[in-house]
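Here the chain labels run A, B, C, D, E and F in written order, and each chain numbers its own residues starting at 1.
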Amino acid sequence: MRLLLINPNTTVSMTEKAAIAARAVAGPGTEIIAATSQMGPASIEGYYDGAIAVPGMLRELKERQVEGYDAAIICCFDDTGLEAARMFCDVPVVGLCEAAVATAGFLAQRFSVVTTLERSRILIDNLVHRYGMGARAKVRASDIPVLELEDSSSSAIGKLRAEIERALAEDGAEAIVLGCAGMTDLARQLQSIYGIPVVDGVAAAVKQAEALVSLGLSTSKRSSYASPLPKSFSGAMQDFAPAAASA
Amino acid sequence: MRLLLINPNTTVSMTEKAAIAARAVAGPGTEIIAATSQMGPASIEGYYDGAIAVPGMLRELKERQVEGYDAAIICCFDDTGLEAARMFCDVPVVGLCEAAVATAGFLAQRFSVVTTLERSRILIDNLVHRYGMGARAKVRASDIPVLELEDSSSSAIGKLRAEIERALAEDGAEAIVLGCAGMTDLARQLQSIYGIPVVDGVAAAVKQAEALVSLGLSTSKRSSYASPLPKSFSGAMQDFAPAAASA
Amino acid sequence: MRLLLINPNTTVSMTEKAAIAARAVAGPGTEIIAATSQMGPASIEGYYDGAIAVPGMLRELKERQVEGYDAAIICCFDDTGLEAARMFCDVPVVGLCEAAVATAGFLAQRFSVVTTLERSRILIDNLVHRYGMGARAKVRASDIPVLELEDSSSSAIGKLRAEIERALAEDGAEAIVLGCAGMTDLARQLQSIYGIPVVDGVAAAVKQAEALVSLGLSTSKRSSYASPLPKSFSGAMQDFAPAAASA
Amino acid sequence: MRLLLINPNTTVSMTEKAAIAARAVAGPGTEIIAATSQMGPASIEGYYDGAIAVPGMLRELKERQVEGYDAAIICCFDDTGLEAARMFCDVPVVGLCEAAVATAGFLAQRFSVVTTLERSRILIDNLVHRYGMGARAKVRASDIPVLELEDSSSSAIGKLRAEIERALAEDGAEAIVLGCAGMTDLARQLQSIYGIPVVDGVAAAVKQAEALVSLGLSTSKRSSYASPLPKSFSGAMQDFAPAAASA
Amino acid sequence: MRLLLINPNTTVSMTEKAAIAARAVAGPGTEIIAATSQMGPASIEGYYDGAIAVPGMLRELKERQVEGYDAAIICCFDDTGLEAARMFCDVPVVGLCEAAVATAGFLAQRFSVVTTLERSRILIDNLVHRYGMGARAKVRASDIPVLELEDSSSSAIGKLRAEIERALAEDGAEAIVLGCAGMTDLARQLQSIYGIPVVDGVAAAVKQAEALVSLGLSTSKRSSYASPLPKSFSGAMQDFAPAAASA
Amino acid sequence: MRLLLINPNTTVSMTEKAAIAARAVAGPGTEIIAATSQMGPASIEGYYDGAIAVPGMLRELKERQVEGYDAAIICCFDDTGLEAARMFCDVPVVGLCEAAVATAGFLAQRFSVVTTLERSRILIDNLVHRYGMGARAKVRASDIPVLELEDSSSSAIGKLRAEIERALAEDGAEAIVLGCAGMTDLARQLQSIYGIPVVDGVAAAVKQAEALVSLGLSTSKRSSYASPLPKSFSGAMQDFAPAAASA
């Protein structure tokens, strides 16, 4: 089984860190193919960055079809372009936020998601509501810029721990979800410090993608995720036009 | 007051039809500047088309800043890229769906939105829930491809009327919202046929944009719509990088 | 266009203050007709006051029909008698709370409403939920009696600012809605102090009423807002009996 | 124990029918005092009628304080003026809709409310949501004018049975709530025909009022139901001004 | 009327305390039959205890059928086995939590439930949501083990008061619901201290059970509470097999 | 990795069918240990059967601890005793309904669950709401007694197909979840007939259990799933008393 781990931002070090986390939990027959978007922002902090990142991610999804993959994982906790990718791909596509909160739901009745900047907090809160966990999960920001997570000398871990401790004290959280792909390397350590489940989206998404492939399940093509209709695309986007096909 | 009416798809005839509708309701001091995206799909039918359309729309929003505008209207009922545009712009940005359902809320306690294809139905239903009208509104598809609305000889009006009649019979709808920018020219006629309010998103959005400008209100830059942070953008997207500025 | 601004309490100074606010934002062709209820409480603080205020407001709506108006605005943040007025009138009727929260929805994903007394807080919270903004807005009381807002020497502004600051610190509010008609003169000042959108219901309602009239839209008479059925009314209320008519 | 059964419309025959139903279920020590509003509409069909009915009902609640009562029941399924009455009274006040749906909740997980006219359906649906039963109950209209229920030769029972049968077939209803005070005499008969619980609001409210009195519980005067504040009331409403007192 | 008060835990002193509370509010013709489960845990603190308690409670419900009862009350605030009991019994069955929150709903728009241990808090919060009061009620734990309530020298009352005071200060609670059967003797005292309604589940359930019996209403046997189907039961549970009957 | 597949009903043929389904999807290093409860009902149809089944299931969970298992799967779509099992076990426990709807959520925005009898429909609908999928999923009954699924000559498949076709026509379902463990052998066939994802709970639960074990995640012992407190258990249940331990 080949899983494409596609980082929708263009920071290769973040892709590599995520790939390590993915390979650490992948099953024996699973190959992780790590890919980094070639066009777009260096990190995704809020809606604007996310919107500009999507075409680069979709292009990568398309180009990687030549070598083939059995499922794709969008390696950003905002689930950047997830719905578009599901329409585009014939194989399952999994987002980190969706996978992480579904996983946390098997472990706890109430949990808190700790993300980076305040500007991402409501975006993720909206996702959590759409995924059906709004009544069970609270989303918090820890005031860490995304790229600061790439710098091991930063104060990021301290800020993250402080926010987790507030979640335990104030939210009655039974588990923690780390709300950024760049936090993937911290999950085990934090779980051991706090003695409650700490869910990392990268690892969770790998297992969900493996599950869907093993089960022979893929995105429904009835209604909202139907394949894009053939039509003309203009300007710099013309090569995104879908070939006449499915429906 | 100058309102930028930006069509995120590249079909100029649709922009022109919307501009006529916008000018028909604009206040005496309001100038409607109609703009069409230069890159992306010819129509927006589902998430994939929408995602590819956003950069072209954002580029147009940027280029039009030279001549200036007081508010922008995104002329697609999917509210394509609305959040990204709100981060990008310092002036108010209004979406058709958001404006139309807010307007319908002043007229009726329960209403139905009639859109084009089944693939857009759930997308719009999700928007309607997020805008807080999920308990008051039902979304229906009428099986009309978007560009068929540009062809006056098509059977589109018949399909639309059939779906409105089902909404009246089955949903207890007290008003109808037309769920596609391309239906803008049909609102008055349908209102007169059915004797209940028929809300068109283009017209509704013009009045909401005028209202915000008149009231001296613009998008909050605290938290979710804060201006994009300066950072590097790669490849074909590099000119989307925000200049170092706000926060 | 003639808009009837009807104050459902009997305090003329409050009507006058609201009329100033309304005229300050009204469009060039809009005439604001300010009216004060002739019977009922001097201020509306909770359900009891509101219930007694409604007949006086409806009588004023009726008597003003002689000179005519194109839409009515109920000038109390409790949206006193809004549904009854919508059944009674053939023209659009707009409430302050409904207009203000709809307007805030275009500016922010999360916001706080700051009202006067604790006894009005839950009443307004219920309205906010019914208007679909329950998941996006928090309602707070600032412990200011309504008529204290008419006294410029009072400590009202201080209490209001303290509560706004709590909303910013504790709710993650991105915008503020002023939850009383008597606060209308404070909106611009507070917006400039806090640098986030501050929405006043009087001004918001004027623009929504203008919008509906411009768009040729009025209250649906199908189902919940159908015109009152002719029937006998007894005692002091007999002149409220609707003439045999509509449906 | 003395329970005041106050009919907020002015139709004495309806009060009498409700009093019979109330006495049929009242406990041994309970006296039912039936009262009819002296001013307002002959029946309550929609928001306008309801709003005009409230002052007459509140006046009756006040005048009956001379002889005294231990709790009050507002004898209309719209729960006309319930919140205002709760502020006014120092004793518990119970509404028919609130009592009926709470009672149905002990008997069934899903149920349907069958009311009279379409114009009351959404009003009651909003109540049902506010009382927390929105996810468990569906509201239906049977197209019966309220006063037709006073005419035993009418086709009302046939229309009501047809609607109940639709609720059983289409809603998966496990119980039925009769959504009008005027249907009180039909509950037992319909229960015996359909073999499922049929809840009448008049009877349900009597038992809830008795329960509250027996338990020594009355309306909280903290926050939303605090006693009306003393203030001036003008014109025909001046005698509704509360005496300086409580808080 | 004979009401069976069945304690699903095996602590007789708790049954006796509840029986005193029940008899104190029972109507003149009501006999309270107090029963204690013969098998299961000494107290119910969380899901595991509750699950093991159910068969003992159902056995008691069955054995008491010989002498007969008109309704049953499950005397634990977790509403232990309530749905199973409703399927099993032909008479109404009432739970403490369900009765208490329904009763509080007639007295206050917002209230707080104060229960014992943190491990029961989310369990009860889930019940409160299912009963439709999730938007109106907050659930709090006071860190009191259930059996500590049986020891009058314990610090339980102090912890309970501290938590009630937090509910008043932080939740805007208008009433308090005591979230454990073992707190039944404290309700009147706490109500007098705090001057707001304090609802005890045991007392509330007695009145609801009396109400249902008086009204001739019993659990719907259509759909979710249909009588158990006859089938074989194995091992130690074989005597729980329902006789061939109903449907 | 050893997964305990525990059937909470006592029908061995159903355990065996589920074990075949489980082994068909289990990863290379996963051993499926199939266990059948030794006491309780032959099938679980509604709350009563479920309540009686839990102790037998918990006993089996305990006895199997001797040989050891890394996670447990409760093999009934009602998620019988899931919360109790999570408190009892130190390893992850997964329910079929919870696993199936989480899995469907990665494949479709809207889906329908088709279960057996009407008496299980609302029970499952309540679960689906609690798991956060209430706004995305509709639950349907196909009128098939559970044990009829064990009889290959029955009309079960025909009834199931008819109900799936209604879901496609009326619900706009994009995927189907089979709502009974006994349907596990039909999933692939139905998926191939209808061309949309058909999710089987047994298979879905195996992959979720494998995922949790691989990720080093187990049930949070903070708050609602804390280990049972040591206390005395009486009568036939005395061996269910937890040893003095955890917390």
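Things to note:
Going forward, a residue touches a chain if its C-beta (ideal position, glycine included) is under 8 Å from a C-beta of that chain, and two chains touch if they have at least 3 such contacts.
From a predicted model like this one, the values you see are computed outputs, not experimental measurements.
Common neighbours of subunit C and subunit E under the contact definition above: A, D.
Farthest from subunit B, judged by the mean position of CA atoms in each chain, is E. Where subunit D touches subunit E, over half of the residue numbers in use are shared by the two copies, so each contributes mostly the same positions.
For the pair subunit A and subunit C, the distance between mean C-alpha positions equals 44 Å.
Averaging C-alpha coordinates per chain places the centre of subunit A 52 Å away from that of subunit D. Mean C-alpha position of subunit B lies 28 Å from that of subunit C. For subunit D, the set of residues touching two or more other chains reads 109-110, 118, 121-122, 126, 134-135, 172, 223-225. Contact between chains, as defined at the top, is found for A-B, A-C, A-E, A-F, B-C, B-D, B-F, C-D, C-E, D-E, D-F, E-F. Of all residues in subunit A, those touching subunit F in their complex are 25, 27-29, 92, 94, 98-99, 102-103, 105-111, 131-136, 168, 172-175, 188, 191, 195-197, 199, 203-204, 207-208, 210-212, 214-225. Remark: subunit F residues 109-110, 135, 172 touch subunit B in the complex.
Residue ranges on subunit E touching subunit F, taken from their complex, read 10, 37-43, 45-52, 54-56, 58, 81, 83-84, 86-88, 118-119, 121-123, 126, 130, 145, 147, 223-226, 228-229, 231-238, 240-242.
By the touch criterion stated above, subunit E contacts subunit A in their complex at residues 118, 121-122, 126, 129, 134.
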